[in-house]
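Paired with chain B in one complex and with chain C in the other, chain A is shared by the two complexes that follow.
And now, the complex of A and B:
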């Protein structure tokens, strides 16, 4: 029964969206808001890069871990906000999502892209990295990327949040967010997000954070309205 | 009877409300793929049958790999290199590129060879047909064997002639590719990152110590060594170098790696020791005495 509902939902919206997108103005509703935290987040530890001098010398003060990045005004960064139900699956865009290794860190720390979208992994460091994503649903691979070698091109065919690590540099840790549709965003300082071009319908908006987990809210959009949805995560002090 | 029926009904109702907590919102819509109940394997001219393999599995394998094939057998908590999880279907020893399923022959060879330095013994005592049946059966644990095909084995070109130059070039690659970060400058498995390594289950794992033996986990031939770093050992920190090392360079690296195994005679080691440079390097590495100082001479 649950399965049927999930399948039917997108089909109805698909019918509606094909009408909405047929016209010259593809504008639809927008869901926007802010992601914040309450409580005191754990203090991030500085990273000791002394074992990798080529990276350590790129920093005047040691960088800190990025498992929780608190922004100004209690905003929470690196949260993926996305439509988890109600929107049809979209075809992947032709542009590649780029994941860069620089200063023995991942930039961005959380990279969101779509199912079957090209993922390009670049090494800008003077040292070898190995890129080792740890998916549960997709294929697990592990590739070496010495300095000066071409970008690695990959794709994922299932939606999933995937932790990424480099085994050579144990402090390197990032995330891939593989999305089903094009309505998603990753929060920066300020915690703001905006999911635009949504045809009228009922949606489930979800917010995912690598340390604080997953939250969802139901939103109904009619016409070109903008609805505000805010997410508040409980910070863990450890 | 009525009681049983109502109990069944209650369970059915309850199960519709149970959502696996590990899965996130966007994953729940995905229909769960199911593994096949029957599988075959093809190894040489043998055809393995999973129905026969099942009986063998529940006699020899389930103590460690578990009744569900997830590596959680009765003995698993006591093993410090954990038994393979056949449900995840991520395998170390493959002839296929990283991220792909191994061939039936790869699994068959693993069973036959066993895994050096682990609790997995060699199953040489079983017949070839029995091993093929077991390979077929372990493929019934994961839906990956239904959804995907085995990868295409990577090409392994014929081994070029062994020369001192190829050993030296292999040594340069060992530096350039930073193999020493984990395996150590002398191949003792003691590089700067060695102590921090974990496998995909967050369990500590050691990089291979070349000086200990000449049998690595995935076989002892030069071809096996070539495949190890060109396919990577999936599920471990060892990555694939297929995209960054040319086949001819790969053979040079194989020749160099053999010279690190200085306690095990090989054509590479003999040639290397025949040069003044190589002789000095190997002699400096060889352990002449034990840690307690009592005279041990190789």
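And now, the complex of A and C:
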């Protein structure tokens, strides 16, 4: 289960990019590890969707906020682990990254994709949404999406982390992680990540969390080796 | 032709007045202690405006009837004092009407705006933002935490900008998307606007009050009947205005206490 989100998305991307760019050594080295927290994370508050009954009725117990998602064994979910330096920029894969609005929430909560990769935004709800990402480097836009309308297609041309909000439903909140290269993953329950297909070299591996900020570590890869790197974030009770 | 128009005018005026006089469009149920005053005021306004409306139409019809077929060049009678007299007369009539409405309505207005809420009223803070209402209760300690606008973080459900890390009073504050209140107990609702102008309107409560950013306004009321009622924004506030609503849930005191307890867990 934990591999689903972490590995499947990027491996599709990797599979595509390895054919095109990895050259004679498609396997390369791997950096893998786990993201955990220490301390007590804040208790996530339930989301009151009573103003939007079509969404509220989709839940038997109200869903909770996702600004900190603690997984089993102190693992931290929704952390973007990526190569921030050392790897060349990759061309965007042809597959689209899909961001879905369902039950007045964003699925996934953190969506990572590459610069110039197609971003598809889907509304599966019976209500109108208004997608409003708040970039600092890219161009800002703000689009309405009534129920039943086709997916919105967008692109970002600069790498950055972008908070996303819905102008109609204040509780809706997500994040876009626009990546320079194809070596990234978003942690799920278990906190595991694996950045594969890295040619020998010196890399900076970074881990970004929307509430706890980011951390970086230097890693040198030689040959086809797998190096383990772990990240520990300090959780705050409030 | 003029006589025909006069008759049509009288028919239209009487036909429009008829359903109002017969109360074909009754007011929604009133669930507040002060609501009957508002209803009385509405009724008086309706009667006054209705008489003025029908009277004006009848006078117009009379003029149409009597001046139709006037011989060209025949002398016209003018209002005593000419145009100036007419304007003064209109000012006095309209002024008296507005003054009468004010005098008659001051009791209803004063019961909501000029009398403070009782000391033991339930204190609730309402915050309006594009495009939702949120309500805050002080929690078990009976104290509201301070508001810090820079701490507002909707994604983290911090709509009021509380700072639980440094502010102990804020830790147990209860924030709800629904206004839950006990029946037969006075509620003191403090209105706080986050962004643009909004409005708090519950027709069954006979309360309509604007949120004005930068102003702390308040209303107080006592609901007399349990049930769920709609709170709507009646001040055009932007793209999602149509979707800006919340619910008022009036419960028995016991149910309300249980709800509060469950919320503070």
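Following the convention adopted for this analysis, the second predicted complex is superposed on the first by the 213 of 238 C-alpha atoms of A that agree within 3 Å, B and C clash if a C-alpha of one lies under 4 Å from a C-alpha of the other, contacts with A are read in each partner's own complex, and residues count from 1 in each chain.
Operating definition for what follows: contacts are C-beta pairs under 8 Å (C-beta built on N, C-alpha and C of every residue); 3 or more make two chains touch, one makes a residue touch a chain.
Bear in mind that the values here come from a model prediction, so they are computed numbers and not experimental data.
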Combined model on chain A: chain C and chain B, fit or clash: clash
Contacts of A:169 with chain B and chain C, given as first, second, both or neither: both
Which of chain B and chain C A:206 touches, first, second, both or neither: first
Chain B versus chain C as contact partner of A:85, first or second or both or neither: first
Which of chain B and chain C A:67 touches, first, second, both or neither: second
Contacts of A:51 with chain B and chain C, given as first, second, both or neither: both
Partner chain in contact with A:43 - chain B first, chain C second, else both or neither: neither
First, second, both or neither for A:102, with chain B first and chain C second: neither
Which of chain B and chain C A:234 touches, first, second, both or neither: neither
When both partners are placed on the shared chain, which of chain B and chain C touches more of chain A: B
Chain B versus chain C as contact partner of A:144, first or second or both or neither: both
Single chain C stretch clashing with chain B - from 8-16, 134-142 or 242-250: 242-250
Residues of chain A that lie at the interface with chain B and also at the interface with chain C: 51, 127-128, 130, 144, 167-170
Chain A to chain B touching residues, read off their complex: 1-3, 6, 51, 82, 84-85, 127-128, 130-132, 134, 137, 139-146, 149-150, 152, 158-161, 167-170, 179-180, 204, 206, 208, 214, 216
Complex interface listing, chain C residues touching chain A: 129-133, 153-157, 159, 164-165, 171, 175-178, 239-240, 243-247
Footprint of chain A on chain B - complex, ascending: 16, 24-31, 88, 90, 97-100, 148, 176-178, 181-182, 192-193, 196-198, 200, 232, 234-244
Of all residues in chain A, those that touch chain C in their complex: 44-52, 65-67, 127-128, 130, 144, 163, 165, 167-171, 173, 211, 236, 238
